[in-house]
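First subunit A sits with subunit B, and in the next complex the same chain sits with subunit C.
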Partner chain A sequence: MPEVKLVNVTKRYKKITAIDHLNLHIQDGEYVTILGPTGSGKTTLLRLIAGLVKPDEGAIYIGSKLVNDLSPEERDVGYVFQNFALFPHLTVWQNVTFGPRVKYWNRERTTSLGWEMLEMVRLAERANAYPHELSGGMQQRIALARALTAGTKLLLLDEPLGALDARLRVELRYELKKFVNDLGLTAIHVTHDQEEAMTISDRIVVLRWGRVEQVGSPVELYLEPKSVFVANFVGEANFLEGIVEEVSKNKASIKIRGDLPISVLDVTHQKEERVVVAVRLENMVLKAGEVTGINHLFGRIKKIRFLGISMRYDIQLDNEDIITVKMPTAHVTQRFDMGDRVTVSFAPEKAVAYSYPIEGLAKELSVG
Partner chain B sequence: MQITFKDQIEKTLSTRWCRGLWYALIVTFFVAFVLVPTIYVLSYAITGWGAINLYVLSDPITVGLIARSLITSFEIAGLVTLFDFLTGLPMAWILVRRRFKGRRFIDTLIDMPLAVPTSALGFSVALFWTSRGGIAILFGLSRGLISSPLLLVMMVHLAFSYPYMVRSLAAILEEIDISYEIAARTLGAAPLTAARTITLPLFKAGLVTGIILSFARSISETGATMIALTTLASVEKTAPVLIASWKSIASQNPELANKLIPAGAFVSVALIVLACILLVFVKIFVTYTKIPTRKVWPKTERFLSRSWPRQLRDVYAYLFLFLVIIIPGFFIFVYAAHGPSVSVTSGSLDWTQFWSSLNASFSIAAIVTLINLVLGIPMAILIVKGNREKGKIRGLTILLDNLVNIPVIIPTVALGFSLGLFWTMISRLYFPLLAQNPFWLIVLAHVAFTYPFIVRSVSGAIEELDPTFEDAAKTLGARPLEVFRRVILPIVKSSILAGAIMMFTRSLDETGATMAVVPKAVTAPVYIVTLVGRLAYYEAALACIVLIVVSYTAVLALRYLTLRIKVA
Partner chain C sequence: MPDVKLVNITKKYGKVVAADAVNLQIQDKEYVTILGPSGCGKTTIIKIIAGVINPDEGEVYINDKKVNDVPPEDRGVGYVFQNIVLFPNMNVWDNVTYGPRVKNLNLTQSNKLAREMLDLIRLTVRSDAYPYELSGGMQQKVATTRALTSGANLLLLDEPLGALDARVRAELRHELRRLVKDLGLTAFHVTHDQEEAMAISDRIIIMKKGRIIEIGAPEELYIRPKTIFGANFIGEANFMEGRVTKIGENGVEVELRGGLIIQTSDKYHKTGDKVVIAVRPDYVTLETGEKPELNGLFGRIEKRQFLGGFTRYEVRLDNGDIIAVHAPSELGEKLLDINTRVTSHFDPENVLVYTYPGEGLKTELALE
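Take a look at the complex of A and B:
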């Protein structure tokens, strides 16, 4: 039942357009994350669906029902807030059964639902505690139980793990996904943590300036980002500016700074067009000394960072561009030192060329 | 889903239409019963300018009298505020920043004068400084230590305005994160330097509140001032006392009313206008004056940060608290213990009359508190909601937000005078019965000046309330009325209680507004003023003690009851 459809939805706050003619269709039973930098309109989108703010234009459907004019209490959605918003004056039990009580459900049903949810989140023994007596992780689980006791099938999660520490965050996100699957819910999960989005979503909606930048499964987004912004925001990439030199049937050659030629399989661009070539950090290969070949660039090691499971090298190319190479620690066979002369290379099929962004590369890459 | 009758009612009451109607009612009440009556005297002064010109301005003696009373009032209020600040700042500092044994005791002591009706407190302070049994014993004097009426009035005003200053300074100090100061000290600043250059500049908001509260309390106090002036048999009058006495003369000699009512209106308007100008000036002055922070005197300030100057500061703060506030404030118990011999004249206390006045006072305070709880809390919600929303009603609510404060700044006696004029006019035109019913006139007057207390205290609490609680309740299916009843109300309960206690005690306290509305009113504080006027000191002292004990018990009971009632 709870599929969610937004048609041409716009929401403005004074001069800022938080959501700009947005269209989105979320299927029943899907786990969708809304991913975007701060100020991209993620939370506004969620609040629009919940009815906490009203759209200036457009239509919002939950199920097949137009809900534009329904107030939040009539929409039957579950909402988990970033700071949990557990009522401080009520016990865990009173918090969890708040929904059924304000809806005047009968007592037996309320009680059985309440216990069911508390047991699901494994906190039945803390029913009489007050929220401030619980740890952050417990509070998060109670907030989830509270949102679900009211019987909703649509769960809205506003950075539900944002207030927790790193380790707990990772642990709870799988638990969250499991609850949603077990209960057959539709979940819309707002986050700015791309790793979180990648690991739990069926689909990811990348939001930017109130518009949908790209929608797709995590794999799609990672492998085929539609813009420089997505390539940068979902996963990490090197970006090389250049001009298309020649386009043939199955490959294009591009001249980057310092007149260095590179070759990509992407043939969608015109000759003479200004482009940005994106290559994922992990698709870069690092070799000692100067080795010639297609897409082989020379430079010196500028910085070495050890990150545990991987190594990162910053290489300053001879044309002054900086390229980062990421290599699993287990695959590092050769020791590199600062200032070593090296060759970085990448296969033409691993590189994607994008038209040069209108607002400039720096603006496109900023995620603030 | 079963729909009960209660459910249906809540659903109906939560509709947009119903809420709109309710808010319209709330705003109408505020305008008709609080705002317009309060400032009616201004329009009266304009329409009645002829009479004012004829009877007041053309009579040099009256003009001189008015000018002197106004100057006296402002002089006293200014000095009282200054001393409150100089002694309140160290006290607030000690309360907030120090953790010592007996801190809670000191904390309660500072609040004590708030729970005691000012006329009783004033009488006690006046007796302490002027009677033979008071401080005079210490110096072996046969008369009181203080013989200057102005000084005495100042001592009286200090006693009841001091808690307001300490409380507002402490409140803001509590909010200032101590880590700023710690950061300054780790960067090498001496404690005093850190306090002066970091905390003090962040402090100005509290300073403005403190100054306005102390000043407003001092400028409007009538009962305690009258008592203080009587004990020294002084002919000197402050502006509120002048208004109250003129109103009382006018009610006894209707032939003089033609002259005295315009004169009273003129003094009221002058008092209102001058007080407002001064407060606006203070606000601007404090906001725009920069506390000098550039210059630092490391050696001097390090020296002054050593332990003995700080101990000296503490001693000074405690000495003031006990010598000027607490001991004089409770001297009345010692005085009464001396027995009837201390009385100047031996008039016997008419207990039936006293009990009925006490009864009237309590009834009025209870009714006023109830009315304002019902009508003030929605106003607070309206203001906060409107200010939060960026929509059309924002302009209206910001206006309301500021208008609500008006009765606080206006001296209560002027407010009472204005209300008296307004309701007499209304009753003459529409409800002839009202004029013959002093009880309800007093209720109306008290409703007007206590209204801001509940609105301010509740709107402050709701403003601080995280709006996501409300959102959470809504998404869980609670309708607006339920959100209010189940979430907002229980969380802001303590602020409602604070507002209620404030209204109750202020209503119980009030002399000026009561006398200016109904000169022959018999509320307990007015009765005490009358007793002192008859020089029946011992009887007045007994009455004061009863009033103190009863009102203190009432406050405790109210607190206990409200904490126990579960808002479910």
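Take a look at the complex of A and C:
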């Protein structure tokens, strides 16, 4: 039963605290991704679970067993790295059955499991090839088959698709999820690709500065991000700075730059509080000319970008703020040109107000 | 004025044909990207233009001048390769201003540009740092800066943003295009990232196995791809096999598996032709229940994934085929449940019709 529990785990590298009093509970059979910017501690977290690094404080449990003092081999986890890490002098078959052979499993069991895994990753016919004869996607499927043949029930994946072409990555992530489900494994998958995380996870752990910023299902994180950071990192949003003017039963009236009034569904903030209002790019509506109404803001088209599946317009509002609107190409009914006078609007229930971040908005939005 | 022309370029490595009689012309001040899966020959093309490798056959022209025998340093190109090549013994500032200094260019102007660039990539404070003190991503930014300030009018970029985090990459690509345009340069940019190509290119060249498959503006390639490979490689599409049964007034009628009839706006195919039709998931709409209508296909929802701005459904049609549908997240709209009986529908204008590929559909769609 590979559930994984981290209790108050801290890991420091000299002055840098990579993991900071982190608590996390992953259920048996769950597919969890760890998402965060560079330096947030994602890989350290995975290595702590694998036993490749030891925590300075805290306890790590796999199943119900405390594993702090167990070596990586004794923890019985499968580990897949970004750079495939196959043995170059071994064939596909020798690579895949490496684990069972060094563990002296009986040959019959090893052989049948090896073939089963190769069949699953659809590379049985390449069993005699050497890694350098295979494409990147194939090598990564072999690395996965090798991790699985070792008989582990807990799979740790560190950017497993990171070295692959973008289009291929999209294809392989569906496969990966299917393998894990079919075999009833628990998977912990580190990525910095939020779309990848959204597509394959039961739950996403958003990591920042070695701490868990938020844990939840993709829908939860997307619809109810707890902080400006999460709203920005999972999905994309426009952020408007403002001051709360008035509060009613479930709404706040906020004045943004240029004294423009907006209305937001909100019960947590008080009069005169400084806030940041977040609205998802795709929840912004664009109309030609000046149209008045609640949360209708005027501006001019400043930038147009075509991204295939979607179109993006940057609009410079009359208060100088810049708003990005994103709409699916297939549902674009009206085209706009550079310099066009437009109205941007959003529904009060599509906007979320956050307290102004202590270290400033720019710092909160920084991901690099 | 750096326009670039390749005439009948062929390059072989042993049995592998990296460039197969490639013909190509790039206009002065154009921003062109080459897109394709790994091993398609995109890097070979850029290296041939740079003069780093020589073609087996064919001619390379820069500004109407044949440059086959001109060494790289005399071709007047600035280039950034995947494996960053900064001068290890020079600090960031000296690296960035190297080109203008050795070429005795106007230093006031190039220093100003260098400073602006370093500001932009947020490395001004690291001006005195040596390459080994910087991360891979930082080194890549410095290498790009150096190419931009080199005084060359033709910029060759091989995955210049490849080593960066996804979010940072998305931010920097716009800056890269803006600088190239502001400076009036011609840019030739190799990438495997579809979205990157869409966002920054005047034209995109799609390559596969050493050949140019398709060239066009981003919108053309997305909305009217001329090839099955192009439709699959840029964006996503549902592909269904069928046969033309009738030439209607507005386009041919195609019969799919199970006798389903699809109206298209295609005017090029003839009765009896074996064809593949392609429809992007974002151009398919869903209604609950069975609605007999033009191009209305009945089925049952088999899979659902919330992806933020839209929800992806996979519908098992009554003929056994699966069709993917991307439904934009509308305000207050309920998601459809698994097993719901639905009609999926698309307009005839949004159906692309292709001649059935000689080597079969699967081979045509293969990414590796």
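Keep this in mind: the second predicted complex is superposed on the first by the 368 of 368 C-alpha atoms of A that agree within 3 Å, B and C clash if a C-alpha of one lies under 4 Å from a C-alpha of the other, contacts with A are read in each partner's own complex, and residues count from 1 in each chain.
What we mean here is this: a residue touches a chain if its C-beta (ideal position, glycine included) is under 8 Å from a C-beta of that chain, and two chains touch if they have at least 3 such contacts.
It should be emphasised that the depicted structure is a prediction, and the values quoted were computed from it without experimental measurement.
Participant: Have a look at where A:257 lands relative to subunit B and subunit C in the superposition and call it first, second, both or neither.
Facilitator: neither
Participant: Is A:150 contacted by the first partner subunit B, the second partner subunit C, both or neither?
Facilitator: first
Participant: By the touch definition at the top of the document, which applies to A:137: first (subunit B), second (subunit C), both, or neither?
Facilitator: second
Participant: Regarding the shared-chain residue A:211, is it in contact with subunit B (first), subunit C (second), both, or neither?
Facilitator: Touch status of A:211: no partner.
Participant: When both complexes are superposed, which of subunit B and subunit C contacts more residues belonging to subunit A?
Facilitator: The partner making contact with more of subunit A's residues is C.
Participant: For A:302, using the defined touch cut-off, is the partner it touches subunit B, subunit C, both, or neither? Pick first, second, both or neither.
Facilitator: neither
Participant: Quick check for you: in the superposed arrangement, does A:5 touch first (subunit B), second (subunit C), both or neither?
Facilitator: neither
Participant: Given the complex with subunit B, which residues does subunit A contribute to the contact?
Facilitator: Touch residues, subunit A against subunit B: 13-14, 47, 50-52, 71-73, 75-79, 81, 83, 85, 87-89, 98-99, 102-106, 146-147, 150, 156.
Participant: Looking at the complex, which residues from subunit B come into contact with subunit A?
Facilitator: Per the stated touch rule, the residues are 1-4, 6-7, 390, 466, 468-469, 471-479, 482, 486-487, 490-491.
Participant: How about subunit C: which of its residues touch subunit A in the complex?
Facilitator: The contact residues of subunit C facing subunit A are 37-39, 122, 137, 164-168, 171, 174, 192-195, 198-199, 218-219, 222-223, 233-236, 280, 282-283, 305-310, 326, 328-329, 331, 350, 367-368.
Participant: Within their complex, state which residues of subunit A touch subunit C.
Facilitator: Touching subunit C: residues 37-38, 135-138, 165-168, 170-171, 192-195, 198-199, 218-219, 222, 233, 235, 280-283, 305-310, 326, 328-331, 347, 349-350, 367-368 of subunit A.
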